[in-house]
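If you scroll down you'll find the structure; I have some questions about it.
The first chain written gets the first letter, and so on, giving A, B and C; residue counts start at 1 in each chain.
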Amino acid sequence: MAEKYRLRVSQVTKLFPGVVALDKIDFAVKSGSVHVLCGENGAGKSTLMKIINGVYQADEGQIFIDDCPVRIGSPADARRLGISMIFQELSSVPELTVAENLFLGEWPTNAFGKVNWTQMRKRTLQLLREENLKYSPETKLRDLTVSDVQMLEITKAVSRNSSIVIMDEPTSAITQKEVEALFDKIRALKSRGVSIIYISHKLDEIFRIADEITVFRDGRAVEAHPASELDIDKVISMMVGRKLENSYPKESVSLGAPLLEVKGLRGEAFRDVDFYVRRGEIVGFAGLMGAGRTEVMRAVFGLDPIHAGTVRMEGKAVRARSVAGSIRSGIAMLSEDRRRYGIIPVRSVRENCVLASLYRVIHGGRLHKEQESKLVTQMFGRMRVKTPSFETSIQALSGGNQQKVLLAKWMLRDPDVLILDEPTRGIDVGAKYEIYRLMTELAKEGKAIVMVSSELPELLGMCDRIYVMRQGVVAGELKKEEFSQELIMKYAATKAGDSDTTGGTHQ
Amino acid sequence: MISKKLALVVTLVLLVSFFVCGSAAAADKFRIAYVARAQADSFAAWLANAVKAEAAKYPDVTLDVFDGEANDEKENAMIENAITNKYDCIIVQPNNGEAQRPYVEKVVEAGIIAITTNARISGIAGSSTVDADPYMQAKVNCGLAVSQVPQNAKVVVLNGPPGNFHADERRRAWGREFFEKRPDVTIVGEQIANWNKDEAMKFMEDWVQSNSVIDAVVSMNDNMCAGALEVVKGNPKFDKLLAYGVDGTAEAVLLIQEGRMTATCMQSAYDLAELLMSTANKLLTKQEKQIDTDIGNPLITKDNVEKFVEILKAAGAL
Amino acid sequence: MTQLKMGEMWAVVKEKYSIFLVLLTLFFVCSLTNPNFLSINNLSNISRQLSVTTILAFGETILIISGMIDLSAGSVLALSGVLAVSAFKATGSLTLAFTVGVVTGVVCSLINALMITDLRVPPFIATLAMQTMARGAALLYTKGQNILQLGRFVIFGQGSIQGLPIPIVFLAVIFAVTWYVLRHTRFGRSLYAIGGNEEAAVASGINVRLVKYKAFLFNGVLVGIAGVLFMSRVNAGLPNGAINFEFQALTAAIIGGTSFSGGIGTAAGTLAGAFIVGFLDNIMNLTGVDSYVQQIVRGAIIALAVIYDIWAKVRRRTRRTLGASKGQAP
């Protein structure tokens, strides 16, 4: 035991009824270092983190902090031991203010139990200043961006003098610029001697901050290595136990006539939006968070009202501005927020799958159960959905499988245009690949696909054309041969008038 | 936008209608506030209607009815409002005597004539009372039952809501004036049916299942008694069933006429209203300073039921 | 693996059918406790006693599944009932009386729907307002007095068809219709989707507003029918009758496994829930349990049902991790 470890987990086993979730895990984190955890969903990362955070108890094994054996019976125990976890789904209360959230559950009180607001405000101000955050203690959380909230969560951890900070997919919902800020913050924490456990699917990112990397597979810690000894390909092959040949299964398809045409679209958050998609084409929408990409797609799909403009399908105006109308015209949309606009959590995968095409299973005054099962079986086969049974509630599936069920839902409608808003957010490598594969397949069938994404590599890898949005307008359009990260960033981030963006098409 | 406009319109309409109603009251008449226990209680509603009708007979009086909604706090607020509005006389039908006592005292303190009724709140200096005595109402039934109920009879008892003055007093009378005098009688079922016909039906249906014989139904009001009789309607096994209630509702009078119910004690809302208004008039015209009075407790049986049928018909209740 | 499958299957059976096991157990216990319990008369009594609130419970089930609620059911029932009774007294027509009852229920229910969907009033508040308004209207219309001498009108609540009491026939038909609607119609699927996640339902192309109106329309018909049956059963037009019936109806739905958070519930569950309460009330009355004790028992049953529901969810969530890991395994 030459090295000094802040946290060490020895031979930890966790059993769930019928399944070994963790199998004699050994895992150690050094003081003042960033330890990255990789692995597909279900590999056991989250379970281990929940054990370290006191949410679950290990069935066997021991946890040591600074080489002292400890028992972590609850998240409160974990907090006392200096462990803070920043969750994938941020655990804040949107209706409360920054100050109230910072001290959530630990509000400073006087002898009578009354909350000491003045003290709380003062301490919040001080913390915000120390951490170089610009918002006021009175701001309500719902008015902050995801990244602001995340910074707040980190600040919360700092305020508790945590020596171990666990971050679960911290970059899944923030922009490139915000990622930089987050990494700066992580480096700053590290220099203060804080140990960071960082869970991520984004392999290109992790090498920029990792000191060490542990890969999980099927409930075992496959190997732990210093980051300097690894590269992306090695990590991927450790994760999946095999080598992925090609991360973007893009095939060239001959493009047909324009299918979806949008002209002069204006709404609350965007204006003068023109774009079109041809049969067989995958068109990307790039831009920073808040550039209006999601809003445009929601309006095209009929979820939000528009103030002006037209949406045409094969030259015919989509008249009924409602979701049902759009679906009838052959448009389908997979939302960026799977939990909010996608799944019906408590219902079965079967019901979720047929939700948009009930007419195919319920007709003639009754439900045709065999037909339903047949359709679902077909679709799940095609999407490679992994589910214990059709009756499992969809919330029980991993994010990637949920996404595949939702895709299956739209495939059952056999749409001509598929709008995919951040289709790969928060899902693991394997599922991502399946979704890319499916996009290619659909394009080959002559469907038109719109992909909104904040991950430039996947846009560059999958699209035939990319529109870039900035502040509610289409700032540029890139043909395949012009594709470059730099050009996209230039359109996305520079102010109007700084460059030759007014024309829309870049020559 | 549309909903906002709609809300505004609705609010305006409501406000205007309040003002129109409010300003209708005449200026130089005696103003009486009648604070009812609850319009949802059928006897209380009957009484309120009767008081309104009776007040119409006095040309120098206007009467406003307020609904306490069977809620002490609401009723107390109604009394306070009436004081603020400077009524000349406030009649209170308490929901719960002790809860309204301090508020009736406030009425007296404000120099306003206070009358409590059904049930009276006694012992407030300067306040008058008009009532029927619930103990007596049950007792007149007991007198009959002691001689009518067969030896070793099996009876069921239907109670009003616990804590209610009339419910408790009537049950106390049955205990003292009947069950103590007839130790041979067994109670095979006793439940709280909250004055309600439908609740009483449910209990009776269950009792009919678990008892081969039931000789008598002892009910604290007519509604519940009618409920019990509804269950055994047309069942020859219960042809001789005795049934006692209180209130003298139209339904009970008809049941007695048909021979299905044995007896009830008339708590006449008309008598009570008449006595209330004459008392109020005497107090308002300063003929007297304080009055405590009761209406009678006439027993209705098959022998005298026709007279009451006529009374109810004349009053339009039948 | 086989062992796991068996275990999971048992868990699914337990989760899906536990309410019926409870009902069955209760039925046997009651039969052994009191010999009168098992008589045809008593069982038909229980069904008749339950019919009105259970019919309301089916309406509530549909509404709760879609994330709404109706607190006005009892009051609207009273209003429908007294209007139906007076229509009968005025014309002597049973058909007209029945129609008036149903139409009244539907109108009040659609006003609820209007407030909830178009004016965006939360269902709890909208129907609470309707509760007060409908009760007020019933009292105003009758001047607080019971309407008597219903004559032939009692046939709805007291008559029989082929020896089957009419309220039980209504109950059976309405149960079948509710079951059918929830299981075999797009409307039913949409209800579950809206209650499970309204925004996702919208994004799937479901006309949420229309579905909510339909749900209230369905509820309104049931409330109207319940009003006619109730007044007919008690042989009087009681403007102050059926107070708090909505809570008895909600109790049946909740005990039957309908989840207050929406998206979960079945017609059979609600029926079972109603009968669990009915059997308990009945056996307590048959054996002469004190009124006050009965109230405590009834409350405890509700608490137990909800506690069970919550713990079932916790177990589901634990199995979720299991399901997810298993899904990845092959």
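Just so we're on the same page, a contact is a pair of C-beta atoms (placed from the backbone, for glycine too) under 8 Å apart; a residue touches a chain by one contact, two chains touch by 3 or more.
None of these values were measured; they are calculated from a predicted model.
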Inset, instruction - Please flag the chain sitting at the greatest distance from chain B, going by CA centroids. - result: A
Legend entry - Pair of chains whose C-beta contact count is the highest in the structure: A-C
Inset, instruction - Would you mind pulling out the distance in Å between where the CA atoms of chain A average out and where those of chain C do? - result: 41
Legend entry - Centre-of-Cα separation between chain C and chain B, whole angstrom: 33
Legend entry - Where chain A and chain B are represented by their mean Cα positions, the distance between them in whole Å: 67
Inset, instruction - Name, in rising order, each residue of chain A that touches chain C in their complex. - result: 16-19, 21, 40-44, 47, 218-219, 301, 303, 322-324, 326-327, 333, 335, 340-347, 351, 354-356, 358-359, 362, 365-367, 386-388, 391-393, 395-398, 401, 409
Inset, instruction - Give every residue of chain C touching chain B within the complex, in rising order. - result: 34, 36, 39, 41-42, 45, 48-49, 118-120, 135, 139, 143-146, 148-149, 158, 230, 233-236, 238-243, 281-282, 285-288, 291
Legend entry - Partner chain A, residues of chain C touching it in the complex: 3-4, 7-8, 12, 183-186, 189-190, 192-193, 196-197, 199-207, 259, 261-264, 316, 318-330
Legend entry - Interface residues, chain B side, partner chain C - complex: 3, 6-7, 39-42, 44-46, 48-49, 159, 188-192, 196-198, 201-203, 205-207, 209-210, 223, 226-227, 230, 233, 249-251, 254, 317-318
